[in-house]
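By written order: A, B, C and D. Residues from 1 in each chain.
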């Protein structure tokens, strides 16, 4: 997405949308970076997002990397267009062990409607070392929601 | 998975694993059915799992259907074998609007190590009507965890 | 897709499209069934579609089941709308050994633009026994191609 | 995969495997580059691999990028271990128009058994310009085939 500039008003809309997502508050996630075509969300570890081996639940990692990917697509959309996830596929590379998890979404193809995004989740340990734990490849769609019902 | 019988002890292990998942308690999900090769989890709607349009976050649906799929695979595994998600792909069919969401995981191929599972999430409205909102196709792996580090 | 009837003219358009696909002739595939929301393609085994262990190449199975899924979506589209594959995910269940391979595509969600389809490939042995060898979950898009350039 | 060196004997095994794949000869594909963790295959355009709009069939692109990904995983496997595709997901970014198609597979995670690979297909036009047309995220498994039946 070289050379594109992020409209500050669009960035503000994305921050506002993030703040109203109950799910992000429930997980304890923060929106830490917004650029044109790239968004980063950080999820600190906690037992409230663990599965039964004590690792972060695959669904928790997916929730933040899906969000990062969707908002990355939204950075390149016109004002008022809403982004919905059509589908995603996530591979889990190793157990999600770390102090925090950095989810990054990057736009690979920005169309008039359909965007294709890549995502990555890095586990950061106490000493700051980072290790990839998940990879995503996802399809997002931009829609003009009138009544909240969406649906392309 | 016709004709297979679920070992009650394995069902008890799955229930115990579910109970220790902080993520399931955080979401408010319940394990409602365990059969040989099929598991159902119910997720009631609440603003704590919503995204910014008020629908359930795609990641919330994914978390429960991944869990249902993983435990479905575990019903057919020997005692002591642990299940990890290799990867999943989820398609979102329509906005996740409903009073509760029923996630069903079904084993399509049970191997010595690799299981392939299908998943479905149905939205149930106040009048009891059900509508599919998500479909999953996922790969699970059975591992003998010694030190919690997994990794095939 | 219960209750839908296939327009014979749309079925004829699908057969005509199939006949002009060089790839299907190269593989040796036949379009064996078209219903509203469901299409079947048969691929006989031959060494020209094998990989290095002598099984059918994963890509060969994918090519026919993608085609079956795309045409299944097209059965439910209006005249003149063209179908393009947005993405697919395919799981391979066991080695593709058989005399012929039956690929079935079924529409799970038919939208104005976006369709979600499931696919399955069955291997049939000389005695007629069938065994599933691949599962697909895919996203198709209907577009009004003007200049052949597509692109939603 | 920085710092890894490819064993020339393993590269020779991969070239030999490629040569025995009927499917690659049928498509007209060539193995153009083998490095540790990365493999490139080139597929020239021809009507024998087209779909009904005249673009290369999605399945043709998938066949070569799957192959590139599988052999990329094999570069990092021990002698005698065979690679099978567990599953892949491919997004199609724009119509496959070009003189030739360059499929690149890259290992993102090399495990004892499970490898995760990324793939990309670039369309090259007559003037040498390249444009991405497909992205893959795939799971490969290394197996010790005894009787050709595979199956983890």
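In this section, a contact is a pair of C-beta atoms (placed from the backbone, for glycine too) under 8 Å apart; a residue touches a chain by one contact, two chains touch by 3 or more.
All values derive from a computational prediction rather than experimental measurement.
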Item to complete: Name whichever of B-C and C-D has more C-beta pairs touching across its two chains.
Response: C-D
Practice prompt. Would you identify the chain whose Cα-based centre sits farthest away from the centre of chain C?
Written response: A
Practice prompt. Please report how many Å separate the Cα centroid of chain B from that of chain D, as a whole number.
Written response: 32
Practice prompt. Measure off the straight-line distance from the CA centroid of chain C to the CA centroid of chain D, and report it in whole Å.
Written response: 22
Worksheet item: Just how far, in Å, is the C-alpha centre of chain C from the one of chain B?
Response: 28
Item to complete: Return the residues of chain B touching two or more other chains; collapse runs of consecutive numbers into ranges.
Response: 86-87, 89, 91, 94, 116, 139, 151
Discussion item. Which residues of chain D touch chain B once you look at their complex with the stated criterion?
Written reply: 86-87, 89, 111-114, 116, 139, 141, 151-152
Worksheet, complete the sentence: In their shared complex, chain C is touched by residues of chain D numbered 17-18, 20-23, 25-27, 46-54, 57-60, 62-64, 66-67, 82, 84-92, 94-95, 145, 148-151
Worksheet, complete the sentence: Touching chain D in the complex, chain A uses residues 89, 91, 93-94, 108-109, 116, 118, 132, 135-137, 139
